[in-house]
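Have a look at the structure below, then the notes.
The letters A, B, C and D name the chains in turn, as written, and every chain counts its residues from 1.
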Amino acid sequence: MKLKERIHRFLHDEKLKRKLYVIIFESDTPAGKLFDVILIACILVSVLLVIIESLKGLPTYLTTPFVIMEFLFTGFFTFEYLTRIYCSPRPRKYIFSFFGIVDLLATLPLYIGLLFPGARYLLIIRAFRLIRVFRVFKLFNFLNEGERLLTALRESSKKIAVFFLFVVILVTSIGTLMYMIEGTQPNSQFNNIPNSIYWAIVTMTTVGYGDITPATGLGKFLSACVMLIGYTIIAVPTGIVSASMMKEYKRRRDKECPNCHRSGHEDNAEFCKYCGHSLDPSETKAEEK
Amino acid sequence: MKLKERIHRFLHDEKLKRKLYVIIFESDTPAGKLFDVILIACILVSVLLVIIESLKGLPTYLTTPFVIMEFLFTGFFTFEYLTRIYCSPRPRKYIFSFFGIVDLLATLPLYIGLLFPGARYLLIIRAFRLIRVFRVFKLFNFLNEGERLLTALRESSKKIAVFFLFVVILVTSIGTLMYMIEGTQPNSQFNNIPNSIYWAIVTMTTVGYGDITPATGLGKFLSACVMLIGYTIIAVPTGIVSASMMKEYKRRRDKECPNCHRSGHEDNAEFCKYCGHSLDPSETKAEEK
Amino acid sequence: MKLKERIHRFLHDEKLKRKLYVIIFESDTPAGKLFDVILIACILVSVLLVIIESLKGLPTYLTTPFVIMEFLFTGFFTFEYLTRIYCSPRPRKYIFSFFGIVDLLATLPLYIGLLFPGARYLLIIRAFRLIRVFRVFKLFNFLNEGERLLTALRESSKKIAVFFLFVVILVTSIGTLMYMIEGTQPNSQFNNIPNSIYWAIVTMTTVGYGDITPATGLGKFLSACVMLIGYTIIAVPTGIVSASMMKEYKRRRDKECPNCHRSGHEDNAEFCKYCGHSLDPSETKAEEK
Amino acid sequence: MKLKERIHRFLHDEKLKRKLYVIIFESDTPAGKLFDVILIACILVSVLLVIIESLKGLPTYLTTPFVIMEFLFTGFFTFEYLTRIYCSPRPRKYIFSFFGIVDLLATLPLYIGLLFPGARYLLIIRAFRLIRVFRVFKLFNFLNEGERLLTALRESSKKIAVFFLFVVILVTSIGTLMYMIEGTQPNSQFNNIPNSIYWAIVTMTTVGYGDITPATGLGKFLSACVMLIGYTIIAVPTGIVSASMMKEYKRRRDKECPNCHRSGHEDNAEFCKYCGHSLDPSETKAEEK
């Protein structure tokens, strides 16, 4: 019964939890900062390990240390993940947050890799943990910019969805047309419709590998038309995002001071020009706490 | 004489017509929704059939069922097309509308394919029927976005036309110049002017297949110039569309409430902030009915 | 002495001049319109002739008629050019205008081609005469759009020039760096600096032929960096042109009525909303005449 | 002791310094202009020398004169660099300015090249000295445009940094995924992760060399998805820069007259429309001196 009690006590040790929380989730204290720097270094090294491992000419005496290091890193990340769940005030919220899922996915592939060898390379998903780097180095502004970027994109997501459905339908039709024109040639690379659709996408997006190219005159003419269409079409998402971003800027300009409720501040103003209050609404909330 | 009368009665059976109309054209009732979902599934399957059929490695025992299924789908679409004409209150308007033409084109290729085997692949045009998907799932907003996109594009269509004529003339001239420079080389791929124009389009649009590339020093220098020109030119349609889209946004902002005729609403406002009336003019029309 | 007098009279026959002017320069009368349509048809046919002639598989019995037709067309264009000079009220202005120079260049290559055979293909410059098509079919609006486009571009020409000098310097440096890295490889395609600069331009503009590609790891890494830089740099001319075009739109919005001098009209307004006068300043000038 | 005194006097000869300063740093006097024109000619010739030298087919009797000329140019640039330091009123500021560093780097490679032969090609860095061309030909407006461009870019640099980190993480993940899919094929070009990441960058930036292309169906499907993603992503930096540039324009419009402090001038206005004072703030400063 003693062990059970101990576990219970451990699971409800609020002091320890808060201490760990400050170290793991925050980066204002020296310990918290040190932890975050070590974490980012570990992520970088483990991502590099996966990349280096894929090189064919790697000497065999390096294989064993690499496998050992990978297990060590995965063990560390697993331990860290469990600790995060343990010390988080709302564990569920953390588990289903973006970072929670990435933290979990960063540990799983090695365990899955014991069953399916190839899956080990999925460890590369750890790279997404590097987004934390902004938080560690107090680059909040960067994260704000990222959020504004996302807001601008999210607002235009409907337009982009309509645009994509249209592109998919167009590409399917053009691919089939090219298959009908070029597919009859001997040794043609347009040997089936999926390949032709692949060609249409390669062409419309102006990537142009050149692994599949038209050989007949009619095929070349149609290709030229597809390119000129793609040329105009490439302007549409750019236009959507540009317009969205302009709106974002304008909205920021029209932002109200949370204190005196007057607007008309400069774009990069951080304090109200009438009352000197910070224009960042999140700080007002922080004060109210 | 009895048959004639029956046909006449059938052709003027307004009750049946309305019932069918609700099922086929609308998707608010369970029956209407079911019909639309089945229709979209059929379109998707039949498009996939055409694509799969083009794969060379397809086992021969699948050929017969595929042909049968294609006939079944075409039969169903033909029947649906005729029913749509039958139950539409204004059949002519439907026949010459965008969807009416697509619905017809979605059935013809198989019949033409009986005469010209290759034409069967044109069945892929059915893909365009998938645009209905937005209506079925009540994604009206998406369609609205699409319309706004089209409005923005239509407004800049004149500019784009001028731009295209200019590009065509430029590309013809550059192609001929490259033919004069590179065409004299043995085994040159610039062996005639149409091929050189094709190369110029491939280069100006930044697709760059690499199937035709300059070999001489002068040819490479001219190519580099063409690329740098294309680099600047690609900015023009983007600029046109961006500016157009910005105007669209502004116009929406300036939109008047259809009830109290006051303007100045937020971009994504759906109700007038003064009188609470819906800002969507189409709804006002619906009310007036 | 009689001949001299006749020539003098002919050169000062104002009636004939005005008559010819209406036919050749304008297209409001049936004769003028007919002349312009014939002219455009001739240009199109002669451009097509040049293109077809370059095809290698052309049967030999077509060579003679083609040469004859080319001489006929050139004769017609030369005669037309001289007539234009003759009937133009200010011949000098015409000769040194854009169309005057193009009209001259459209006739010269065949004459030069008698000395240098290859030069004949320069006849393709006739394609530029097709810009007249807008005037003939009363597509003035299109020309207006073209002018607005040019105004927008001209205003940003300084920025684009600075941008280009920067790109040229960047491309030279990157090309030399790649020559130092890749040039030592056996059979490398980076075998001299001009080729490497050509590669740098092909890469930065995202054309990417693939005729010259890096082989070493360091070369690939540098290429990847160049691409990502090119990715951001491609945004600059687009941004310049977009911003320029937006200004253009705004200026049009702010346009004053030439009659009552009030502004604030809608973008696509053609008449003043206060006094009903046309907003097109060119028409006001026409009235004043 | 006499020599020491002479050196001391030379180092503090303010008259000579001012005279040299006017010639070397400014270009308003005939001597200053002449010096700048000669300097630019020297830079151009020496850059061309480096490029020509890399051509393989160069006759051997040209090697010696080329080496001699390179030493002469480097000697001249070294002397010029030392003179600039000598006559600059604040030598430190010059040494650590952009042009100071470029001027130093323009001379070093030849000296380093005596030890490491390949390093000589770094002389190409001289090309950056050509930016002076704008100053010499009084193209200040161009430099202003360049600065405005840089301001616009600098403001969006945070957004672009966030965007780049995201692209790097995305490209690493996609590259690894493709390595897992395509790497098992015999003779696959996706033979290690770095190569696959290189492919991902080549594809996402729409360069598309075609030296590495997917061979399997699944690989082609994933490639198509990557291209369509890249298609949308290419819109983001363009949108950022466009929006930034629009703000720049607007700010200029809102600029105050430095004399009467009224704003609302036209975009390209150079003088206040109320008091006629120059709107260029730098001129006001010059007057105050």
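Structural remarks
Criterion: contacts are C-beta pairs under 8 Å (C-beta built on N, C-alpha and C of every residue); 3 or more make two chains touch, one makes a residue touch a chain.
On a predicted model such as this, the values are computed, not experimentally measured, just so you know.
Which listed pair repeats C-D comes down to matching contact pairs by residue number; over half match for A-B among B-D, A-C or A-B.
Both subunit A and subunit D derive from one sequence, and where they touch, under half of the residue numbers involved are common to the two copies. Chain pair with the larger contact count among B-D and B-C is B-C, by C-beta pairs in contact.
Chain centres here are C-alpha means, and the one lying farthest from subunit C is A. The distance from the centre of subunit B to the centre of subunit D, each centre being the mean of the chain's C-alpha atoms, comes to 44 Å. Distance between chain centres (mean CA atoms), subunit B to subunit C: 31 Å. Counting partner chains per residue, subunit B has residues 194, 197, 206-210, 234, 238, 240, 242, 246 touching two or more of them. Residues 206-210, 238, 242 of subunit B are the ones touching subunit D in the complex.
Contacts from subunit C toward subunit D in the complex involve residues 155, 158-159, 161-163, 165-166, 169, 172-173, 176, 179-180, 183-184, 191-194, 197, 203, 206-210, 213, 217, 220-221, 223-224, 227-228, 230-232, 234-236, 238-240, 242-243, 246-247. Against subunit C, in their complex, subunit D makes its touches with residues 47, 50-51, 54-56, 118, 121-122, 124-125, 127-128, 130-131, 133-134, 141-143, 145-146, 148-149, 152-153, 160, 164, 167, 194-195, 197-198, 201-202, 205-211, 234, 237-238, 240-242, 244-246, 248-249, 267-268.
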